[in-house]
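Both complexes shown next keep subunit A, but they swap its partner, so subunit B is in the first and subunit C is in the second.
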Partner chain A sequence: MAYSSKVLDHYNNPRNVGSFPKDAEDVGTGVVGAPECGDVMKLQLKITPEGVIEDARFKTFGCGSAIASSSYVTELVKGKRIEEAMTIKNSAIVQELNLPPVKIHCSVLAEDAIKAAITDWKSKHEKDEKSAAAPGKAAQG
Partner chain B sequence: MVKLPIYMDNHATTPMDKRVLDAVLPYFTEKFGNAASRNHSFGWAAEEAVDKARNQIAALINAKAKEIIFTSGATESDNLAIKGVVEFYKDKGNHVITCVTEHKAVLDSCKALERAGKATVTYLPVDKYGMVDPDDVRRAITDKTVLITIMSANNEVGTIHPIAEIGRIAKEKGVLFHCDATQGVGKIPMDVEKAGVDLLSASAHKIYGPKGVGILYVRSRGPRVRLTPIIDGGGHERGLRSGTLNVPGIVGFGAACEIAGQEMEQESARLRDLRNRLQANLFERLDEIYLNGHPTERLPGNLNLSFAYVEGESLLMGIKDVAVSSGSACTSATLEPSYVIRALGTDEELAHSSIRFGLGRFNTAEEVDYVAERVTAEVRRLRDLSPLYEMAKEGIDLKSVQWKRD
Partner chain C sequence: MCSECGTPIAAELDYFAALGIPRRLTLDPRQLENLYHDLGRRLHPDRFAGSAAAIRNASLSATALLTRAFRTLRDPVSRGLYWLELQGEKLASDNQKVPPELAEMIFDVQETLAELRSAHGGDAAAVRDQIAASKAQVQASIGESLADLERNFARWDASVNHDADLIVQLKAILSRIAYLRTLSRDIERALEQPD
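Let's look at the complex of A and B:
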């Protein structure tokens, strides 16, 4: 199977590889896929209190198309509001990277990773709101 | 500098040896006759060439020339052996014994017979090295068993099965024994008498011969093996395989067998050294790599490794100037990782991470060193990209993680 030039470009020069501290307040982490399925994506988003994605990092275990999908997604989400990022569809990734039908699952995984990372960030902030409502506990922390 | 790209996928196919090509070429042009034309010199020349090849091939496996049936390749030979025996001996029984790591040509022939209600099949397991236990073969035999079909050496992990022992059991129990020796013939010694093999499949293009030609050895005495043909027509090859003989292909197969026989001893020693050099190079430089297959009972040119935390297809992509293959799901049409590697009890994750290096006649030490260098660099790069490697380094047990599957 021949790879598209965009897949090759992302595979050879992956954007935004790395990790943010998982426990940081402004970081949402999404880990999707499973090793026995041959794909695991970790996507981390740094999000402002106002809900704007400032920065993104990824690490991916998977085929070249999985690596390219996650690399592309880190570029795609930067600067977007989380509401807007939540509406990103896998079809946008398929189109940009020219993925063949057998690789569509890679784009689905990348879409899931965005949603998982934002959900993780939101859950951290729900906790904030709860701890803000209980000042005694917050003071201890 | 080594010449790129490097071909190191010699279990898939091999380039034709120039000496084989020289032998073959006249049979496309001036010696183009039909070996079945009995009444002119064109036909006689072709028939003579086919006879010579039949003898060359028979000599390599210690068979008689008349026991060699030409086919289009080992897939056809496997189909003919398995379907032909089951059909012919249907009054005697309907049970076939094989093993889970056989080539699809064997497994799918068995499955086709099961679907048609013509046979029941026992698929024997293999041990963690990919080897079938002869005692399992013995225990699986019933009074309905008509055929045992076990390969000589596995095409993915290179494990060499104890064929002679299985042959002895088959003789003792009066059951026919077919051996798919596609990966073994011409690379490791194969003697159908010593091994007690009654039917044997082999293919020319795996031993530096042309594509599109194979053989089925069919034992003529002790016992005389009978088959129902799967292709009907002009009654070529003693009625077992109709169709005009592929004379240039057959000539090439004969020449390839003669060369393989003459050079086997030195060549297998050379390949073993190269393979061990590649293996040692990689194990020295990289942690968490695992050998798939048997540590010693393995084809000299085979090296199948799993590189933990790195997916096989992405690794192939990174070493694009080196032709090897992977057991990763992404390289197969079925989206399942290699059934052979999984049958060894290897974790699915490591099956996705497997790479098969197949060294052959034209590989050099220089190429081996280049490949080791490239693979090491790419595995390191991809591990830096791998969330699994990061988690493992943090001390997280990947088996304890609750993965979110799609």
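Let's look at the complex of A and C:
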């Protein structure tokens, strides 16, 4: 199958490959996979307390389209607010990378990875809010 | 095939119906093989060489269907996937979260494979040993998951009200096997590469 030139570019020069420490407060990690082909994708976002995505890293083990999709989203999400990043649709990835129909699931994977990473970050911060709120209450009471 | 006279009939049948067996997940492989050979003989195109064109064609397509049915149903993984399809289920729908311990293992092994590609000499030998150990671990894990799959098959067949949770579990086990098989394939490929 012929890959589009954009897929090849991301595949040959993937952007933002690597990882952040997954336990860090400002890091959200999303690990998703495509069970039909066994591809796995890890996307990590570094997010400011105000909810702005500062930086992104990925590691994907899978086909060229899966690698290109994750590489592309690391660039796409940088500088966006999490609310905005949550609205990114896989169709935008399909369009940008010119993915053929059999590779659409790779773009779905990338979309799900963004959501999973943001959800992970939020869950870390909900815990913070709770633990921050609890002593406050105790002090009041 | 006509049950009265044994004439092949052209019909769209699912794989279970093609073999004349109930749509159950648990199958005895020997029984399946016997059925396949028996039906294959009775539907064989050679037996209808002198028949009308419609019957000859029906014999050909029935034989092709029978072969596809046998190949799909004899392997528990492809049987499970096919069965899900018949239920209108897709393996990937609502099922893209990889369990954390599985993901960790996949990323660990894949990173070791990447190391092997850039290692030389004695380093490469050490990495190879590590990968061989991972390979054994992955194979064992696949074996466990297959046993798990069979247990889940039996549970589904025995359940009266067909609990939807069982389908979720079935999908999880089949996905796990798919991830492990991909990993195992990648390990094989990495080990085939010369240093």
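One rule holds for everything that comes next: the second predicted complex is superposed on the first by the 131 of 141 C-alpha atoms of A that agree within 3 Å, B and C clash if a C-alpha of one lies under 4 Å from a C-alpha of the other, contacts with A are read in each partner's own complex, and residues count from 1 in each chain.
Methods note: a contact is a pair of C-beta atoms (placed from the backbone, for glycine too) under 8 Å apart; a residue touches a chain by one contact, two chains touch by 3 or more.
None of these values were measured; they are calculated from a predicted model.
Chemist: Once chain A of both complexes is superposed, is A:A116 in touch with subunit B (first), subunit C (second), both, or neither?
Modeler: It touches subunit B and subunit C both.
Chemist: In the superposed arrangement, does A:I67 touch subunit B (first), subunit C (second), both or neither?
Modeler: Touch partner of A:I67: subunit B, not subunit C.
Chemist: Pick one for A:V52: touches subunit B only (first), subunit C only (second), both, or neither.
Modeler: neither
Chemist: Applying the document's definition of touching, compare subunit B and subunit C: which contacts more of subunit A?
Modeler: B
Chemist: Touch check for A:I88: first (subunit B), second (subunit C), both, or neither?
Modeler: Neither partner.
Chemist: Mind working out whether A:V40 is in touch with subunit B, subunit C, both or neither, as first, second, both or neither?
Modeler: Both partners, subunit B and subunit C.
Chemist: Give one of first, second, both or neither to describe whether A:H105 is in contact with subunit B, with subunit C, with both, or with none.
Modeler: Both partners.
Chemist: Once the two structures are superposed, pull the subunit A residues common to the subunit B and subunit C interfaces.
Modeler: 31-40, 42, 59, 61, 105, 108-109, 112, 116
Chemist: In their complex, what parts of subunit B are in touch with subunit A?
Modeler: My answer: residues 309-311, 313-314, 317-318, 328-330, 335, 337, 347-349, 352, 384-390, 398, 403-406.
Chemist: Quick check: in the complex, which residue numbers of subunit A touch subunit B?
Modeler: Within the complex, subunit A contacts subunit B at residues 3, 11, 14, 17, 19, 31-42, 59-67, 102, 105, 108-109, 112, 116.
Chemist: Okay, in this complex, where on subunit C does subunit A touch?
Modeler: For this pair, the touching residues of subunit C are 91-92, 95-98, 100, 103, 106-107, 110, 171, 174-175, 178-183, 186.
Chemist: Contact residues on subunit A for subunit C in the complex?
Modeler: 31-40, 42, 59, 61, 105, 108-109, 112, 116
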